[in-house]
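Look for chain A in each of the two complexes below; its partner is chain B in the first and chain C in the second.
Right after this comes the complex of A and B.
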């Protein structure tokens, strides 16, 4: 039983990171109809910036957190303004190719700006091991699960009650009507990129805290993308939950079927789910996009 | 008129015949310069080895140039990035040979990449010394112009597993390897000792390249009761495994292979990394030879480059020293044929960073002596085990 619980906890912890990055995918897709193939790289850049702040400015958790949040938001806004906005009105294929190009540039930036060595993000917390009923877990892993749950609740409330959230839903549902009502699609796009970068960046920072930073970290995006597909490409909350499902499935498969099955299990589950629900577990049958 | 044309044609033909050998001379060499080419992963995760190896080449070249170059000619280093993508390695090697027209090649990316590029090197006939990823396919069968400095992955694993088996008789073993050519080589070496020594293997895992979370794998290791563990990851994978081991509260005797024997890794592994064994054929930086190398390197590279020095810098340095020495022995007019012949005559060349290097007739592999080292997290170093 302890073996199973350990697998579940580890699965939830890595799944929460996938979930946060998957939510980043969904936020952009829901608002712009675009799949951002640079999501993993944006996540990695935010984590590296957090590490730089911790090693050069201060290792204080609040300084690092505020710095990383600002950096993630600025990164999202800059990419939207300089790279994505000029692509407005261009074919979706061309826009998607731009995100692929962006991914390659951001990936290479790691070696140019930082280096190829792995690094540990040390902010004085998150790396210690606590034992819950004899099961070892890092405090950072507990924190990322809690953060995902809090963010899920916050995002639900944001879309349900805030004016901006309602505006974003309006643009996603019917951009022309939204435009007639005075809602700027451009502003909504910029907000979506900033929010996506921030949410995924939080996942990246937690990954760096619980595991380590390395130039291979962009691959988290490849693991999180199936979570988005599973939860629903247009379902922000569903994508978060999709991440948890992928994390748990991977770990159970790895623990009971063998190491080789770990990477396969999540994708096998997606194939089965998509055969039944092609729009994902929580996705809408007809996806509206701006 | 016809007489004049015939005379002119004869003159032109004669001129061409005379000029012929000069045009056909080996490329990459002028009165003042000798070009040496290299293709390494300078971007992406494997840049950790590519950048470090190229630094080793740069240090040896800077040292030679500071001493006047090769018989008065300065060495120019032409370096291309392949991003650890085999197609780009082939493209890069063709570019430095055909476009940059280098005189000799050195280094050359990872094991898969250097195997893939072998037909290009062989066809061109360019003198080549490979140092980054020594695998048997590079010297078996021996190619006339390709020399390899190092030790085979398989031999390294056999040496490490034999050492751990002798030190821990009757213990239960666990192994995890990567699902690529590197992992297969590690597993083959491990299996040969398992068979010979009848080791009791209770856990055998195989992870997908790029995997970052090893929680279920290490939980399986714990559940199996393994007491000796061969961590077949490279760098980030071994760190992730050791952190999981720490989290699970187990402490198997652990061995790692030289691609992961990078000092900064110990800091990231934390307490779980203390005492892990490693095998290598280059000197540890904590020893006298390692310290001397760092002292030598310091003035020859920038501060940022100095931080990128690791064991691959030593392998690169040694290979470059051997190549430079061979070209130098060819005197004022070195050619490819002479350089290859002199490389073959390489006998007990001291580089200070590994055992003396030798090749021989039909011997294209230096077969370096191996040593076992143990990690000391207090000093973040590996120390030789006697």
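Right after this comes the complex of A and C.
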């Protein structure tokens, strides 16, 4: 029982990180109709920049947090402007392939700029252990679960009530009509890329806090795929919850079936889910005209 | 008087070789390739081998992604299955190499039925991610089936001997790769101009419309998967033999991306494109290294320390630039040049 609860809690913690990155996927998909294959790499860059700030400038929590947030937003904006905007109006396949090319470039750039050794992000907190009913949990793990829940609520409210959120939904639903209504699609896209980079970046920093930075971190992006597919590519909140589900499944499979299963449990799960619901659990079915 | 080349019947339109110059140049190319192993040094020969093996694999992916329009991000899964099928049959159970090659085609083809079946309901990106999931699952399956695959330790593979002919030397092995690559090229070209190929292209262009016109979507999509996996599996076996060692690490996920990059750079949905794209992508790192070493010894040193990173950055950059400026790939560029050459000084 103890073991089960332990697995569930650490599953929730890693699942929250997957959930954050999956929300990053979904925000971009919802407003631009693209899957951003470079999400894992963008996450990783933000985490590495946070680490660089913590070692060179100051290990203060607020300095690192503000630096990482700025870096993530700037990264999202720069990528949108330089790489994605010229592809506006091109077929989806071509644009998605561009993000794959981008992923390859970013991953190598990280290995080129930083070294290939693992680093721990140390900002003086997050690694201490608290005991909840006899089960040790790291504060960083609690913080990431809380952050995910807070962001889920904030994003729900953003898409529901704010003018910009409604504009983003309008562009996603029908970009031409949205344009006629006076919504600038390019601004919405830029905002989506910045927001996505930020949300996923937060996940990346939390990952670096609880685990370690390493060149293999881009696999977080691959791990978050099942989460966003599970929730539905166009469902931002669903992706966040999908992350939690995948995290738990992965940890239970790893704990009871063996470590090999841990790596693929999420992928096996999405194959099963997609056979039943080809558009994800919370995704909308799209109707196609010939 | 007629100028330009006119096609007056459907037979002429789909003919493999439509004019005497094409005959001539194809023959020259073939003779050149046959002479190559004697003319090239072993360093250049290794590039030729890699190109021939990669062409086979790229043609396999081209059937699925180029003709049928089903994006696969997990083709390395079929590559590794084929390599393991060959290694297990030949190295472990001492079967003849021909049986090994057959197994290297059939086992991935069967595996592709497992991936293909759920993907019939899926479209576009959802399908791409399912194939990605497959390639990760297959790696785990291989690592877990230790009794058959030696797990992470991998399997040693010898160069084969078929009908008493030993393909041990580099030149001989190049001939084997050449034969298989040429056969694959012929096969894919013939698939493209047959009823099956037209059905594939119809599915790519609009699958609902294709279905309305009486094309059995399930059968043809599965057929595309099976054919593609069969060819890719054989390429995998060749690659395993080339490396002389089959392990999961020998087939990284990057190979899937590389294969897609080859198709895009070459021109999606064209066999010629797959060949041109392969040549460019395989020789790109080498060409860059030469350019770097021309500039200065110091830059050459940077290149050796960060060689792997710079190489992958180049891949990424080339993919992006091609998609941005030449979406039809090298084949598109080639057609433009040909048209300009014929019609100059007129625009068209």
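Everything that follows uses one rule, which is that the second predicted complex is superposed on the first by the 286 of 290 C-alpha atoms of A that agree within 3 Å, B and C clash if a C-alpha of one lies under 4 Å from a C-alpha of the other, contacts with A are read in each partner's own complex, and residues count from 1 in each chain.
Criterion: a residue touches a chain if its C-beta (ideal position, glycine included) is under 8 Å from a C-beta of that chain, and two chains touch if they have at least 3 such contacts.
Everything quoted here is computed from the prediction, not taken from an experiment.
Asker: Classify the contacts of A:216 with the two partner chains as first (chain B alone), second (chain C alone), both, or neither.
Answerer: first
Asker: After lining up the shared chain so the two structures overlap, which partner does A:115 touch, if you call chain B first and chain C second: first, second, both or neither?
Answerer: After superposition on chain A, A:115 lies in contact with chain B alone.
Asker: With the two complexes superposed on chain A, say which partner A:173 touches: chain B (first), chain C (second), both, or neither.
Answerer: In the superposition, A:173 touches no partner, neither chain B nor chain C.
Asker: Per the contact definition in the header, classify A:153: touching chain B only (first), chain C only (second), both, or neither.
Answerer: neither
Asker: Just to be sure I read the superposition right, which of the two partners does A:105 touch: chain B = first, chain C = second, or both, or neither?
Answerer: second
Asker: Would you sort A:260 into first (chain B), second (chain C), both or neither based on which partner it touches?
Answerer: The answer is both, since A:260 touches chain B and chain C.
Asker: Touch check for A:268: first (chain B), second (chain C), both, or neither?
Answerer: second
Asker: Quick one: is A:86 in contact with chain B, with chain C, with both, or with neither? Answer first, second, both or neither.
Answerer: In the superposed model, A:86 contacts chain C only, not chain B.
Asker: Both chain B and chain C touch chain A; at which residues?
Answerer: 107-108, 111, 258, 260, 263
Asker: So in the complex, which bits of chain B are touching chain A?
Answerer: By the definition above, chain B touches chain A via 42-48, 51, 176, 179, 205-208, 210-213, 215-217, 219-220, 223, 235-236, 239-240, 243, 246-249, 262, 264-265, 267-268, 307-308.
Asker: Would you tell me which residues of chain A are touching chain C in their complex?
Answerer: Listed in rising order, the residues are 35, 83, 86-87, 90, 92-98, 100-109, 111-112, 222, 225-226, 229, 233, 258, 260-261, 263-264, 267-268, 270-271, 274-275, 278-279, 288, 290.
Asker: Under the stated contact criterion, what part of chain C meets chain A in this complex?
Answerer: Going through chain C, the ones touching chain A are 71, 118, 121-126, 128-130, 132-134, 136-137, 140, 143-144, 206, 208-209, 212, 254, 257, 260-261, 264, 306, 308-313, 315-320, 323-324, 327.
Asker: Help me check something: in the complex, which residues belonging to chain A touch chain B?
Answerer: It is residues 3, 6-7, 10-11, 13-14, 107-108, 111, 115-120, 129, 131, 136-138, 207, 211-212, 214-217, 219-220, 250-255, 258-260, 262-263 of chain A that touch chain B.
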